[in-house]
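I have a structure I would like to understand better, so I am pasting it below and will then ask my questions one at a time.
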Amino acid sequence: MSAALTVRGLVAGYDRSVVIDGLDLEVADGATAVVIGPNGHGKTTLLRAVSGLIKPFRGEVELGGERIDGMAAEAIAKKGVVHVMQGDGLFVEMTVEENLLMGAFPGGSWRGRRAALKRVYSELPAVEERKGHKARTLSGGERRLVGLGRGMMRQGRLLLIDEPSLGLAPVAIEAVYAVIRRLRSEASSAIVLIEENFTHVGGVADVVHILEAGRIVRSGPFAELAADRTVVETYLGSIAEAPS
Amino acid sequence: MTGTFGSISAGRWAMIAIGIVLAALFPLVYHDPYYMTIIVTGEIVLILNISWNFVLGMAGVWNFGQLAIYALGAYGSGWLMLHHSGIPVPIAIVLGGVFSGVISVLLAFPTLRLFGIYTSLLTFSFAQVVQYVAVNNPHNLTGGSFGFPEVPGLFPDLGQSDYLRAYYWVCAAVIVVSCFAVAWLRQSHLGIALRSIRDAPAYTAARGVNPRAARVAAFGLSGFLAGIAGGLYLSFEQSFTTSQMGLTPMSLDVTMLVIGGLGTVSGPLIGTAILTVIQTKLINYPGWQLTVLGATLLVIVIFVPGGVVGLIGRLDRRLRAWVAEDADEAEEPAPG
Amino acid sequence: MTDIVAIIANGVVYGSIYGLVAIGMTLIYGTLRILDMSQGSMVMVGGYVGWWALATHGVNPIVALVLAFAFTFALGTATELVSVQPLISRRHEVDFELVTFITTFAVAIFLTNVALQHFGPFQQNVPTIVGGNLKLYHGVSISYHELTMAAISVILMGGLGLFLARTRWGLAVRAVAQDLDAARSLAVPVTRLYPLTMGLASALAGVGGVFLGALYFASPTAGDLPLLFALIVVVLGGLGSLTGTLYAAYLVGMTQSFCEVEIGTTWTLPILYGAILVILIFRPYGLKGSPSEVRL
């Protein structure tokens, strides 16, 4: 059984500048890989190269053994890649419900979409409460949940989540990670989650990869990396107790 | 050698010099009045295009009001010629240029705050207003769509062929001077400022360039030149109608600029020449003229965005690279 | 009082038709971020279709409208594929907005002159969709044709609004307008959506052209004025704002109506353009629009 995501020798960036410089990564089916690293070293670029929003300069990206590098983002999304972008990428002039419905855009019937909507609402009651409101009236935490909810509208093979804790207060972060933990246990998709630091990822990571200067420099189970003094010191943030 | 006019090699200078000499000698050998008229008209259009290229291509400002400025120069100098006949005609033309230059500067100010498309809409609206006012002929200033009344030309006493030649030389002189001026400006502080504004607006502010002053200057200079073109046209053709400002001439001129290569020094020359030739050939098929024009514009913009000059530049570079490869190979010591 | 009734009645009629033509441009700007200068020529084409269908073939008016819709839809789609699509992959290298301004303008020139070649520079009479007049008040009357024009325009604009608000594809169009990357990551096929959007916008203009043909003749240059008016409306309303376009359309319609009744028609455009000049000086993004938001 091939891995959900395989990245080999990826070189990617913007215009003339190279940000990802020879990156290898493998994410097993159904696993949750967390990629952490300092800002500006390529985390978001990595996700964008995988989901096709930017075209890699070199290298290979495979989804379940099938090459997707160089394909258009729309086509890659159709193949089952769900990308929850940094900054949410919500359609601010649309209501929460319309945003969620867009999450189920590719194919399916009207009934199927409504069913998915119902399912997401049951998972995220806070979101359902605001369903008729325009996205731009929501708080940061609420937007984050809507972004996640939109990603949950489809059962993808691969779910990419970009810095879910960014800019949120601790309470909101807890809510977001509670959802992510549920996603991890209930959904069958592999997850690649990126964060700037360790703080919250303990309960969700199967494997942690450290991305520095455009490459993965270290990988391992969370416990192992968390115990490593140098790693902890370099990547800031205290380690929250992994919830049981 | 990189001089005041940019990096022009000795060979290029020689070509330019030869070109100028040939152009100057041309009317001594060629006499057909019909084609000479077309050529002179083409020269005037070229002057207008050079001015437009400066603000549209080099400064990157979406100025679609240039033809109205051109017209204002014509009306301005025409008014002087009619009502102040004491002023020598060349001076009137220059003053017409000053007038249109000032108006162009005034037009520049509101565009400073606007971004891209809105500048085009503003300048376009300006052109429309000027055109409508001109057509309505307030106080008989413009002659409406019938055209400006006859004015004393630059050379009222010359016979036809001498008249044509004289205008040819005057216009050619203006063209040569303005081309050099543009080349010089390009390398000057102003030109560099304009290009950096066009290509990388974010950097410009950081480097202490004053974008506002540069843009206003660009408008003013190009307006001045356009006005001179207008004055020349009026005195040459002895008429100036409001159709000179319309969408058709505008499309023609844009096509000339694009085909030649927007933003380059020789672009307007090439583009105007090519299109004038095509237009002349198709003169009996007005519909075809413009259909071909539309299609050509489309194709060029999409496939050859640099215009002819850009194309030549690319071919030139490829040629050099190829030659350089050969030279490298020749220089390598024989293996052994 | 008669004046006021006339002004309002005509204003509503004009506003509706301007809205129809301009809303297409707004739709295109919202999704593609370009100013489609070929929209006027779509009106012209619609006028010719109306003439061909109604005058030379005596077809049922509804059929004529449908024909115009279909034909200009196809034409608009083709225009996008030819003058915009090839540039999209290069949208960051070149000044995309300026270049597409020129290319769509080139298409307009091309179409105008094909019409000139084919039909000659003559003005063709396009029969009205419906004959007769409705008497309003003391000598003020509106033709049924104009009423129908206004009604159909409103219906079409409303239809567009419903499409955007309620259907899956309409939602996708709005998504593309608001956040292109997010839409792409949700599998919205933008390369298919762009030509369809432009086709739809052109089709609206084409239908408008059939109506306008009866009022202003079908001729190769019949699209010039509608383009100018549409530009005014779109700038006033704020590029990319649907509601803004609507308000602006009726504002412009009322202004024209006012000028017709009180001052003289030739002053309409100069006044409007003068207004734009002034407005853009104080409000660089039009009356309603704001720089970053596209309110489709």
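Read from first to last, the chains carry the letters A, B and C; within each, the first residue is number 1.
Here, a contact is a pair of C-beta atoms (placed from the backbone, for glycine too) under 8 Å apart; a residue touches a chain by one contact, two chains touch by 3 or more.
Source: prediction; values computed, not measured.
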* Determine the shape of the graph in which chains are vertices and touching pairs are edges (line, ring, star, complete, other). => line
* Structure fact -> Set A-C beside B-C; more C-beta pairs touch across B-C
* Quick one: subunit A and subunit B, Cα centre-to-centre, how many Å? -> 54
* To do: Express in whole angstrom the distance between the two chain centres, defined as the mean CA positions of subunit A and subunit C.
  => 42
* Asked: Roughly how many whole angstrom separate the Cα centroids of subunit B and subunit C?
  -> 33
* To do: Would you pull the subunit A residues touching subunit C in the complex into a rising list?
  => 15, 51-53, 72-75, 77-78, 82-83, 85, 89-94, 98, 101-103, 105-106, 110, 113, 150
* Report the residues of subunit B in contact with subunit C in the complex, numbered from low to high. => 60, 62, 110, 113-118, 120-122, 124-126, 128-129, 132-133, 136, 247, 251, 254-255, 258, 286-291, 293-295, 297-298, 301-303, 305
* Structure fact -> Within their complex, subunit C touches subunit B through residues 35, 82-83, 86-87, 94-95, 97-99, 101-103, 105-114, 116-117, 224, 228, 231-232, 235, 239, 266, 269-270, 273-274, 276-277, 280-281, 284-286, 291
* Please name which positions on subunit C make contact with subunit A in the complex. => 92, 168, 171-172, 174-175, 178-179, 181-191, 293-296
